[in-house]
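My questions all concern the structure below.
We just call them A, B, C, D and E in the order they show up, numbering each chain from 1.
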Amino acid sequence: MRRFFALLLVMGVAWLMVLAVAEMPTYGQPNPTHNAVMERYLTRGPEETGAVNVVAGILADYRAYDTLIETTVLFAAVAAALLALGEGRHRGGAT
Amino acid sequence: MIPGELVPLVAVGVPLAGTLGLTLLPEIADRRRNCWTVSCSLAVAVAVAVAAVTVFRGGRVEAGPWPLVSGLAVHLRLDPLGALFALIASSLWVLATLYSTGYMAHEDHRRRYSVFWLLSLGVTMGLAFAANLFTLYLFYEMLTLSTYPLVVHAGSPEAARAGWHYLGYSFAGAALVLGGFVVLAGLLGPPAFVAGGAAALLPAGAYPALRLAFSCLALGFAVKAAMIPLHGWLPLAMVAPTPVSALLHAVAVVKAGVFGLLRTWFSLFGPETVAALGMVTPFLTLAAITIGLGSVLALQQQDLKRRLAYSTVSQLAYIPLGVALLSPAGVAGGLVHLINHALMKITLFFCAGIIITQTGRTQVNQLSGVGRRLPLTMLAFAVAALGMIGVIPVNGFVSKWQLVVGALHGGEPWVLALLAASALLNAAYYLPIVAGAFFREGGFDPPPEGAQEAPLSMLGPVILLALACLLTGFFPGWTLGLVRAVGLGL
Amino acid sequence: MREPLRFDDLILKEVGGLLVPFLQMFGVYVIFHGHLSPGGGFSGGTVAGISMILFSLVFGLGPGLRKVSHDATRIMESSGTLWYGLVGLVGVLRGASFLMNRGAGIPLGTPGRLFSGGLILLITVGVGIKVASAIISLYYLIVED
Amino acid sequence: MMGSVTANLPVLIVAVVLIASYLMPLFARYRRDWCAPTAAGALVAAFAGSAALAARAVTGEVVIVHLGGWSPPWGIEVAVDALTAFMLLVLTGVAMLILVYTISDIGHELAARAVGWYYTSFLLLVAAMLGMAMARDLFNLYVFIEVSSIGACALVASRDTEEATEAAFKYLMLAALGSGLVLFSIGLLYQVTGNLNFAFVAEELTLVYGRYPHVIWVAMCFMVVGFAVKAALFPLHVWLPDAHSFAPSPSSAVLSGLVIKIYAYAMLRLLYTVFGTQFLGADLAASLIRVTLLTLATLSIIGGSLFALVQVDVKRMLAYSSVAQIGYVFLGVGLATPSGLAAALIHVLNHALIKACLFLAAGAIIYRTGKRRTVDLAGMGRRMPVTMAAFTIGALAMIGLPLFNGFVSKWLLFVGGMQARQPVVAGVIILSALLNALYYLPIIWRAYFTPGPEQEESQVEVPLPMLIPIGVLALACILFGVWPAPALALVNQAVATLVPW
Amino acid sequence: MLLRVLANYPYLVAVVLFAIGFYTVLARSNLIKKIIGINIVQSATFLFFIASGNLRSGTPPIVEPGVAATYVNPLPTALMLTGIVVSVSVTAFALALAVKLYGYYGTLDPDRIAQLRTHRQ
């Protein structure tokens, strides 16, 4: 029963997504609109950030705040896991 | 002379301050606490008297408004109708306080009792002083909460059950009031109380909504006014200590419901608007049914306090009945019954309380011969009971007479029959008690040496109140004059 | 206590022992070249962290813990993120914006050189430390049971 | 430098809390007694900063920070307007009080080794919520959401019991599904607008609406569902009762008081600023989504109350009551009228105060007596007078009696319902208040009017550091009921900036 | 519509993956399978993002100064690097919880856990 409802729900979600997908710009072609941000990153990125790897430039400079929080997510996960499980339960030093 | 802004604050604030004092300060001896409560209620009575005089002379007694949120404001102002209610409540409260100091001397949790007793006084005053529906609703809810601990004071399972009914009915009623309030506020903003009715100016297009609002408000207040079929909580609430029952019936709670009905009728809608809405007949019918059925039900009760309770159900409906007759005499009859019923019913309850504490008997058929044991008490009881029936020298007659005149003027002659039937039924359930008490031999042993009657703190108020019943019956001009002044202000 | 997940095998030990330093070196390389080529703090940190997982798998948890103890991961954990946050504050201290790079007057160097990009390299190193320690401590945590 | 501190104040608030949380593991290992003061200090600093920002925002000023100096379409923007300042104040203020309570309570609930990590997770959660409140960038918002959901789950999982662990797992799964939907929706929006900044996305959406109507609608639906899962709107609330009742009491207070609210806030912000035209429009689809929200909110209110009615465990009852109360917030959001919106916002504050007060009081009772069942609270009014008084105030406020803060939200919702021509709202709320009364009053009645077991007559009030937060929250419930003007000033400013009615 | 959907086949794959993951989380009872389901959902989203930034003729966005080339959109890639870390974090925490539950009950099947719980009470 649960599976049936899950299937129903999932099919609904998937159907919505397909609706959206059908309308989206064609894959692999340049987006017909709004490329200004990307253009700027590619043309002026190395000069503005000093990184030729534009992805790194975005990560650590244009969107460095996101990356800080991303690091924090990892930190949070470690903290959460340690809070739940507790570290150092293995104290046996024997090989 | 106290300035007009201060009086409401005194009337509402002194009891609250007294409550706070009792709660926060360390426990004190009974004597000092009794002094404290009596003086607080005395101060309130004086302040209210001063305020009432000012109001009837055309002065202003007002405090606030203190705005709360988007048009809502707590606003205290005394108008003649409020002054009438405040006068009755505050003066009777003093006597009830005196009485309860004697009555409660042998009960537990006296401090808690005093705390909520004073709190209820403050809340009732707030109710009387409310200048808009929000303030009225606010104190209406608070009244439930502050009297609830008094109702369940005994702490027995029975009291708990009564408490649940009390809370359930009251909150449902308050919710209805709130619903009506919201509908009204949607039409004309948060309504203030205006002579002639705040809703009187609304166009006919708003009538369906107004009808809804009126029904909600009327039913909501009718719960506390214990109109049948919304009276279920009242007989159960008889488990409370007797001064509380007296308070519930004569002074605060049930009267607060009636006061709310009067406010709805006069200050929110106005009689003309109610008539235009076509709500008079249902209202009148409800009141008539309550009078008739209440009397019949009272006749069936064997428990003294329950019999009194059903009598309240029946008698209180005289007030909305008079109001709904739509004639000046009817209104006067209704309003004067507000005073008279308060005096009579509080006397009856006080007597019942004395009977219970002095003899320990609660059933009607056990009271044969009690008049020999408690002559003064039973005399007072007889006076009030005769008043209830409507016998001439006592004040109950005045209200009935006015109602009769009002019914004839209002073109509702069937009310005469109803009143006559009610008087007969009243006689049927009061007279046997009185007669049995004086003229039948009962199973009372010779009294133990010492006082037969209750202590003075209990007996004194009873005597005073019985005299007041007689006085207002002999000289109806006082009360009728007061009531006419109120009626003019509406 | 049961010694979890350990394969007592000569070949594994030899090859594992050989691989670990190279993995670590490669991790550091990826971290430091993040702004020049694909990679960066996350990828490099993961590679470096995985070297310790390999070590613990091959030689056992005990020796692994002796190399990088719980305290060490804890310190790396905090200091990596703390470093990032403090680097962010440099901009504020210099009177500009949080996490500001060029605008805060930090020299960027020539694009394409190793020491270029101003704060980017510093940030990447902090992230690398953090990720490596996170990988290690999560591995310890789940395996220790 | 002072100037740059003021200019960067919003980010610094987040940074201070974050840095304190980064320090916690070190302190926990090497300087254990520094943990609590540092955490408290960071939150006090954040509160002070929020107050300073609120003082600026209430005049209509918007404090904008461009992270790294990159202006919006290129970089991340963070802004504090009246709405954000309001959320910041609520978050930092209540979190601060709960933390003070935690300091005494947590050693009682958790193993010593976990306490440091508990503070870490707590601060991370608070920082993430602060970040969410001021985020103006879709992806930035998403990253903060993830920190907050991990932090929130961690607070649930911190207790070493089977139930708490299971609840945390369930919570984590549903939260991850919810954020999956949100992320997918961000992807759709990015694809059709090429931007991530709220303002730019909103502007582009109006331009491309004709071209990609389905994409935008699907994105909006996913956003709503994703946030509704996290905010525990009725049919999606299944994780909440377990998570909130099995967690340690301070966690429950944070989760019920703040966390579900911040997701409601995020949804509100997105619906009104990003999807403004699509959500508030007059066309069928827009009204459909509003009606859906209203329906779900109504179901939440009624369903949550009914479930709360049958609970025997106090904390579980409070948790179900949260489902009902979050319905009030969504009701206000769905009404889409100025008063409705103001009601939603003011209820965020009011419910945060009330529910935190109730959970902390319940926690105090558990701390002293270990009693969790509603029937066991007999005589508690005499044994723990201050705690029970606070509980009573909270309960009365929850019922929505006038002069308590719950009434203010209730009334504004009434007005909002009238403005939106939805008088049913009034009926729903009145019914809900009655149901509230039905499950809160028995507890109070038992606590005061039923004698407890004979052997337990002595007074056992909790230590002062726990009493103070409870008392302050209870007093705040009354204060904002009697004098809601300051909160309303901020809220009205927020409503005015949110939608140009 | 079918043609449009097929032309956007990477998105379609993402949708199918998303659905599979979603179904796994909801319908599977094994905790580890649920975690895998969450991972599939997240991976689907990553695929969706990366695909949306891709160009058929594009090269990786590592700019060589002076060389003109068509680069793919770097922003989705950067975002998904963040997304992957988030996914790893959630997985790690979920696994830790699963380990803890396994320690309590000796099973990873929630139905079995529910049985054990009622049995214990």
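Heads up, the rule we're going with is that a contact is a pair of C-beta atoms (placed from the backbone, for glycine too) under 8 Å apart; a residue touches a chain by one contact, two chains touch by 3 or more.
Note that the coordinates shown come from a computational prediction; the quantities given were computed from them, not determined experimentally.
Fewest steps needed to get from subunit B to subunit C, stepping only to touching chains, is 2. The chains that touch both subunit B and subunit D are none; no such chain exists. More C-beta pairs touch across one of A-D and C-E than the other; that pair is A-D.
Across the assembly, the mean Cα position most removed from that of subunit E is the one of B. Note: the chain lying farthest from subunit A is B, by mean C-alpha position. Central chain by Cα centroid: D, whose mean Cα position is closest to the mean of all protein Cα atoms. Once the centre of each chain is set as its mean CA position, subunit B and subunit E turn out to be 70 Å apart. In terms of their C-alpha centroids, the spacing between subunit A and subunit E amounts to 10 Å.
Rounded to a whole number, the gap between the C-alpha centres of subunit A and subunit C is 20 angstrom. Multi-chain contact residues of subunit A, defined as those touching 2 or more other chains: 13, 17, 22-24, 31, 35, 37-38, 41, 46, 52-53, 55, 57, 59, 61, 63-68, 70-78, 80-82, 84-85, 87. For subunit D, the set of residues touching two or more other chains reads 11, 18, 22, 25, 67-68, 139, 143, 146, 150, 153-154, 157, 165, 168, 184, 191. Chain contacts: subunit B has no residue touching two or more partner chains.
In this structure, the chains touch in the following pairs: A-C, A-D, A-E, B-D, C-D, C-E, D-E. Taken together, the subunit D residues at the contact with subunit E in this complex read 139, 143, 146, 150, 153-154, 157, 162, 165-166, 168-169, 172-173, 176-177, 180, 183-184, 187, 190-191. Listed in rising order, the residues of subunit A touching subunit D in the complex are 13, 16-17, 19-20, 22-25, 31, 33-38, 40-41, 61-66, 68-70, 72-73, 75-77, 79-80, 82-84, 86-87. Subunit C contributes residues 1, 3, 34-41, 59-63, 65-66, 70, 74, 77, 80-81, 84-85, 88, 98-99, 101-102, 108-112, 116-120, 123-124, 126-127, 130-131, 134, 137-138, 140-141, 144-145 to its touches with subunit A in the complex.
Residues 71, 74-75, 77-78, 81-82, 85-86, 88-89, 91-101, 103-104 of subunit C are the ones touching subunit D in the complex. If you check the complex, the residues on subunit D that touch subunit A are 11, 18, 21-22, 25, 67-68, 70, 73-76, 78, 111, 113-114, 117-118, 120-121, 124, 127-128, 131, 137, 139-140, 143-144, 146-147, 150-151, 153-154, 157-158, 165, 168, 181, 184, 188, 191-195, 204, 208, 212-215, 218-219, 221-222.
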